[in-house]
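Chain lettering (A, B, C, D, E and F) follows the sequence in which the chains are written, and residue indices restart at 1 in each chain.
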Amino acid sequence: MKKVLLVVLITALLLALFATPVLAQGDGEAKTPDSIATDLDTVWVLLAAALVFFMQAGFFFLEGGLTRAKNVANAMLKGVMDFCLGAIIFWMVGFGLMFGLSRGGFVGSSGFFSNLASADWNGLPLYVFLLFQIAFAGAAATILAGGVAERFKFSAYCIATVVITGFIYPVAGHWIWAQGGWLNRLGMLDFAGSTVVHTVGGVCAFVGAWMVGARVGKYNPDRSANAIPGHNIPMAALGTFILWLGWYGFNPGSLLKASPAIATIAMTTTLSAAAGATMAMLITWGRYGKPDVSMSLNGALAGLVAVTAGCAYVSPVSALIIGIVAGILVVFSVEFIDHKVRVDDPVGAVSVHMVNGIWGTIAVGLFAQASFGQANGVAAVDGLFFGGGLAQLGKQLLGSASVVAWVAVTAGLMFFILKKTIGIRVDEEGQRVGLDLHEHDIEAYPDFQPAISEKGVS
Amino acid sequence: MRKVEALFRPERLEPVMEELGELGYPGVTITEVKGHGKQKGVTHMWRGSEYRVEFLPKIKLEVVVLDEDLGKVVNAVVRSARTGSIGDGKIFIYNVDDAIRIRTGESGFQAI
Amino acid sequence: MKKVLLVVLITALLLALFATPVLAQGDGEAKTPDSIATDLDTVWVLLAAALVFFMQAGFFFLEGGLTRAKNVANAMLKGVMDFCLGAIIFWMVGFGLMFGLSRGGFVGSSGFFSNLASADWNGLPLYVFLLFQIAFAGAAATILAGGVAERFKFSAYCIATVVITGFIYPVAGHWIWAQGGWLNRLGMLDFAGSTVVHTVGGVCAFVGAWMVGARVGKYNPDRSANAIPGHNIPMAALGTFILWLGWYGFNPGSLLKASPAIATIAMTTTLSAAAGATMAMLITWGRYGKPDVSMSLNGALAGLVAVTAGCAYVSPVSALIIGIVAGILVVFSVEFIDHKVRVDDPVGAVSVHMVNGIWGTIAVGLFAQASFGQANGVAAVDGLFFGGGLAQLGKQLLGSASVVAWVAVTAGLMFFILKKTIGIRVDEEGQRVGLDLHEHDIEAYPDFQPAISEKGVS
Amino acid sequence: MKKVLLVVLITALLLALFATPVLAQGDGEAKTPDSIATDLDTVWVLLAAALVFFMQAGFFFLEGGLTRAKNVANAMLKGVMDFCLGAIIFWMVGFGLMFGLSRGGFVGSSGFFSNLASADWNGLPLYVFLLFQIAFAGAAATILAGGVAERFKFSAYCIATVVITGFIYPVAGHWIWAQGGWLNRLGMLDFAGSTVVHTVGGVCAFVGAWMVGARVGKYNPDRSANAIPGHNIPMAALGTFILWLGWYGFNPGSLLKASPAIATIAMTTTLSAAAGATMAMLITWGRYGKPDVSMSLNGALAGLVAVTAGCAYVSPVSALIIGIVAGILVVFSVEFIDHKVRVDDPVGAVSVHMVNGIWGTIAVGLFAQASFGQANGVAAVDGLFFGGGLAQLGKQLLGSASVVAWVAVTAGLMFFILKKTIGIRVDEEGQRVGLDLHEHDIEAYPDFQPAISEKGVS
Amino acid sequence: MRKVEALFRPERLEPVMEELGELGYPGVTITEVKGHGKQKGVTHMWRGSEYRVEFLPKIKLEVVVLDEDLGKVVNAVVRSARTGSIGDGKIFIYNVDDAIRIRTGESGFQAI
Amino acid sequence: MRKVEALFRPERLEPVMEELGELGYPGVTITEVKGHGKQKGVTHMWRGSEYRVEFLPKIKLEVVVLDEDLGKVVNAVVRSARTGSIGDGKIFIYNVDDAIRIRTGESGFQAI
């Protein structure tokens, strides 16, 4: 040990003597308005990407809080790993499929494994755009986690994440967001991803939740549903606020440049979220007798998801209305899926992301105003309610339906293959002891005594 | 020696302890338990679905007393734990064969 | 279902054929230094607003952590809903009352329900300014939550929130921050809101806590106080750090533009916070024998609140002193209010926000330095300790006293009316079972076994 | 009281009558590209500093989550106070020692107690640079906390924090980051602080953990190690993500200006983190049979620490490889330190920060590419694997070894003196009841019933 | 009167309660306990080190019954709590000297 | 058969279990309880106000033994649980009418 150190030191000293230190070069070039604008856009999109990245923590805290203590470490690791795996895969292949040179409007075909010292994407440094898109891919993938919570095999989850970020999501994204994507060329509008991110994630969650089956104990033989309360409400509340915070990167950041328009976009985002939470609170107050905490949290998220497609095209008042509808939708949708459809969605991922992703996409066709789109420097289109007729609405419906179909089929196939090979469901005994012990041999809260539940220790 | 094992509502712990303190019986052990009896549990709502909590929290208080103090202690607990509504709980009396104080090794009535 | 889809698809396809896709227009206009400056200011204030928004989570985590487990879901929902209701109401009316055309320096009268595609507020996009102000209004309102924690009716809380963000706060804000506000014209200085936000919120909390009465079990018949320990110290610590993080938007963001001055403002903010926490720790160490965790957290917040008025006018050394005083004040104030005033303030909201809001406002009159104000591009004023005499101090005192009086009267009236109508206090039984079950029919932590407390299960 | 108010009011009114209100001056000067560039750099570095500041919460949540419930309030206060004390001390002396006029390349000698209305540091406002550096100093100091968790006296911890941020860290930092620092002049490269921050903090943690001794119950008489599981996995997961988020300030912020290079830096940072977590997960899956949650979290952090030195000099692919190695290293290092070295490091601080800090520093000598450095406007150097030969590697080894030696000696001396004077170890009884009660007379979770552990109540 | 004290696996609580419910013995008290017996605890892994959890969670169910019902109740519990593997638990029977219902003050068999 | 019910300090659980293990009595049930006795609770400080915690955590260990082993077990617990200061706790001995092993249905001494 000592000798090694000595040799190292001496070598280093010798090297040092002869070395020509290469100091950092000052960037002597004069600043120009254009170069500064690029610098500013880079800063803005990078910080937006960081906020969207942080949404991962919001997702896994929301899921963890709304499910049981015995599965919370699994929820954490799913949330960590879907981002990590997703980031690598999306950088490798997803990005190329999504934003590469379009093959027939259906899929991209260049830009894989980017490894350039300096590159550019429509005036923005490539890597900040890529990073922003990685964070989006992570969000789309992690929506699945909530829907299949408390019973999905971790190994299968990792593979699903890879397939979603590497294939299902980028293809859908290509259609709508790539220059040459067929829905993009058609004029379908999805500003920040009600369809691209939330519908894709929500449909994955729906199909996954359906195919993995309900949690043990969720449905009775008479087909009635049991409630399985979440174990940590503050955790869910913080998760929701982290998500909301992230949305200030998600929506205004999607403009991909600094401009006064990001202010308007942030404003519509805020009003829709506030309206969604308010409505969900009021409706549960009316229906259940008391204002429901977890539904109000879902309401805020529903408002955020719904305004995501239209945030740059609609007015603040319209955003408020979109949020109101979202807050109503989410409550009834949760009940409907729980009691009628009987797909077990522990955190309401389907109601928040799929249902309101679709609603938000449609809402563009109803509420878009050319004046807002124009002022924000994006598409100037009038929706049905502002004299634009059915044209845009039709495109929105088509876009939403196509993506739903695409994801339903591909995700369905994926889950089917996983089911037939490595399996996707943790067995009854594994669910009973909890995924933390069963999948990771860990207790999330070993210092706290678990409460005795009806079914034994929870 | 007898053991008085009282099961009652958690919120009555304070008055019960006060009454017992007055009797000079501060040596007690309490356990958080859950009970089910004539009182039938409650229904809560979680995201639009109802669920029942069948077991309600109760306090189990154990105090080992000399035979002659049994009545006093039981009466004190009954008095202070009662609210009059269903779910007030029960007291069970057991015989204790012996008691030992760990600190000193004393046994029998000296240990209490 | 199938048919509908078919029709939709066909319609959409037909539409698509004839549609003239409206693509996003590149903003062809050349960048100018001025336009970039606006873009930059927009980005900066938007991100500052996002940080201030996130302070909501800091507030509800701090409150939740310093109170009991049985009331924590209620604390969460209060924190969520006061922002949501506040955002909508402030956008509707509060903003107009605060920043609209001044009526006699007392109240604004324009700018309600802003719904413009593009608008401007003193060179800044209107909506980013509005969003920043919404976040501030939310902060002012949510301070109340901590003061009345664990016993205030949720319905009454929602109404109080609406009144504060829609009326009480904007009027006080108008006086000091609107161009024509009477205190503004007088030259009272409150850079980022020690008075406007914190004194307003703190007085609401004080009056509210006083009128709702102490929590069951807080005071004994002999008038001595019982301690009611908080249930989750890490939660409170995270809440504090989220708040501190938010302050980097709150204080430097209040300059409303990007400039080197934000660096100085962030610096004074940091030193005061650090000094506040350090002093609170040292004093509790001396007084109680051991360094107290929750008081040290309060100390940091006290330092932050106190430097908020002066952060752009004082030197780093002065900021340190302001923080030191704040850290001392908060400890003695908590004890004084608890034991002498006997108003039950579970989280120290009054000591942190009202007492230190007043102290911070006064401190401007003592520590302001024209050199700093000038360098930061704000008012160049010398305080008492820097040769400026009593002039500024007088204005500060007047401003603080006026706002205290305004809020005490209006909030008092509001709580009085609420008390006489729907009631503001959860009854003894409701407090015993906890506000989570009583107000929301939810258990925040159903999987953990509650500890047996002296008073039965906590 | 009333009278005082009256007098105040009257005085104020009189004052007001004669006062000449000093209104905020508009900054009439025209914007130039250069002034805007400075404004932008200020905003960027300020927000980066805020993110790095928030890493404190990440650190204390990670530590708290991976240790026992009875010590968590202590972990919180350590994390709060090391930042608060560190901020004050670093502002007072540390900054001057680190960035002041160099004395022989060894230590700085100017810039203490900065208290200027406006000052400049290489074109950046001084205070934003200072704030950024304060946040870094806080990070270096707080790494110690995790290593000595659950048994270090709080008083000694406070003093250690002061010494680290006021002396040990700034001197090491001077060598590498100050213009005239001897390692800097030699050409050693440590872009964002794998050595300056992480190795320094990691060596402090190692020496501290070794000198304070293992926690009671950690090692058996037969020298075998017991596991002492952490009490709150979600807390650790959130802490990790807060840290990761902060790294988007830490690494790209270290460029100290807005430029497209920050995008590349953020990209390499992300890929290394993702690779680190993925590898740690896979290796634990292989070795322990199941994917380990806390190790995967450590893996992400290991990847982040390792890429910190090289993030501006290496390509995305290289970053991925650096992260892969980091993820492998961290798992084996944790086992090695636990079972062979037998130094008790509850959270893996040594493996994450020291081991990977060294690895990351070395990695620059292997993976640096002149093309990347040049494109990012920093040093253009080729590492061993890119044809640069051993030159840079030698410098890196020398730099790392020198800093390890410096910190080992000074920190060792510091802990030794502390041990001989006020003592550094909480006695057996204190550890048994927990540091929360013993050091702060507080229960972190009084409303939850502790689980019975093997050793009695945990 | 006798007390039946049954220690069994937490996951058997639901079937046990169902069987007892059918017998009309809904008055029960349960406690979360930890047990150690022939069943020896489990080994977990934490960051590369193994650790043993010696005590496994069990439910203690107490029900005080009239002497004549003792057999039925014991049989019901044995039937419904059994899985057949080690760790199924035990039932212990104690004599109860007296029982008092706190709500009414009734004692003896009326209190059950 | 007798039940030994020992109440002692949580930190003595490990030595107690070791001693019992040596006696070959690994079949035990433990419960987290809170106690109040001669030892009077502690005072803490919360934000400048004092508050008392009257109940201190104790472990309740229950082990049912054959009559002939009673002495050994009691002695083992007394020896290993003692610290000598107030609060060391008590041992109470009860008679057990019967024991049944759920897994096998065996009863009496075979069930222990």
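FYI, contacts are C-beta pairs under 8 Å (C-beta built on N, C-alpha and C of every residue); 3 or more make two chains touch, one makes a residue touch a chain.
This structure is a prediction, so every number in the text was calculated from the model and none was measured.
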* **Minimal step count in the chain contact network, subunit B to subunit D** => 2
* Structure fact -> Ordered by label, the neighbours common to subunit A and subunit B are C, E
* Structure fact -> Min route length, chain touch network, subunit C to subunit E, equals 2
* Averaging only over C-alpha atoms, locate the centres of subunit C and subunit D and give their separation in whole Å. => 30
* Roughly how many whole angstrom separate the Cα centroids of subunit A and subunit E? -> 47
* **Multi-partner residues of subunit F (each touching 2 or more other chains)** => 30-32, 34, 44-46, 54-55, 94-95
* subunit A, residues touching no fewer than two other chains -> 33, 36, 40, 43, 47, 229, 232, 288-290, 292, 294, 441-443, 445, 448-452, 454
* Structure fact -> Listed by label, touching pairs are A-B, A-C, A-D, A-E, B-C, B-E, B-F, C-D, C-F, D-E, D-F, E-F
* Structure fact -> In their shared complex, subunit F is touched by residues of subunit D numbered 432, 437, 441-443, 449-452, 454-457
* Sites on subunit E touched by subunit F in the complex -> 2, 6-8, 31-38, 54-55, 58, 60, 74, 77-78, 81-95
* Structure fact -> Counting only contacts in the complex, subunit E reaches subunit B at residues 1, 3, 17, 26-31, 64, 94-103, 105, 111-112
* subunit D partner contacts - residues on subunit E that touch it in the complex -> 34, 44-55
* **Residues of subunit C defined as touching subunit D within the complex** => 33-34, 36-37, 40, 43-44, 47, 51, 68-70, 185-187, 229, 231-234, 237-238, 240-242, 244-245, 248-249, 252, 257-260, 262-264, 266-267, 270-271, 273-275, 277-278, 281, 288-294, 296-297, 300, 315-317, 320, 369, 371-372, 374-381, 390-391, 394-395, 397-398, 401, 445, 448-453, 458
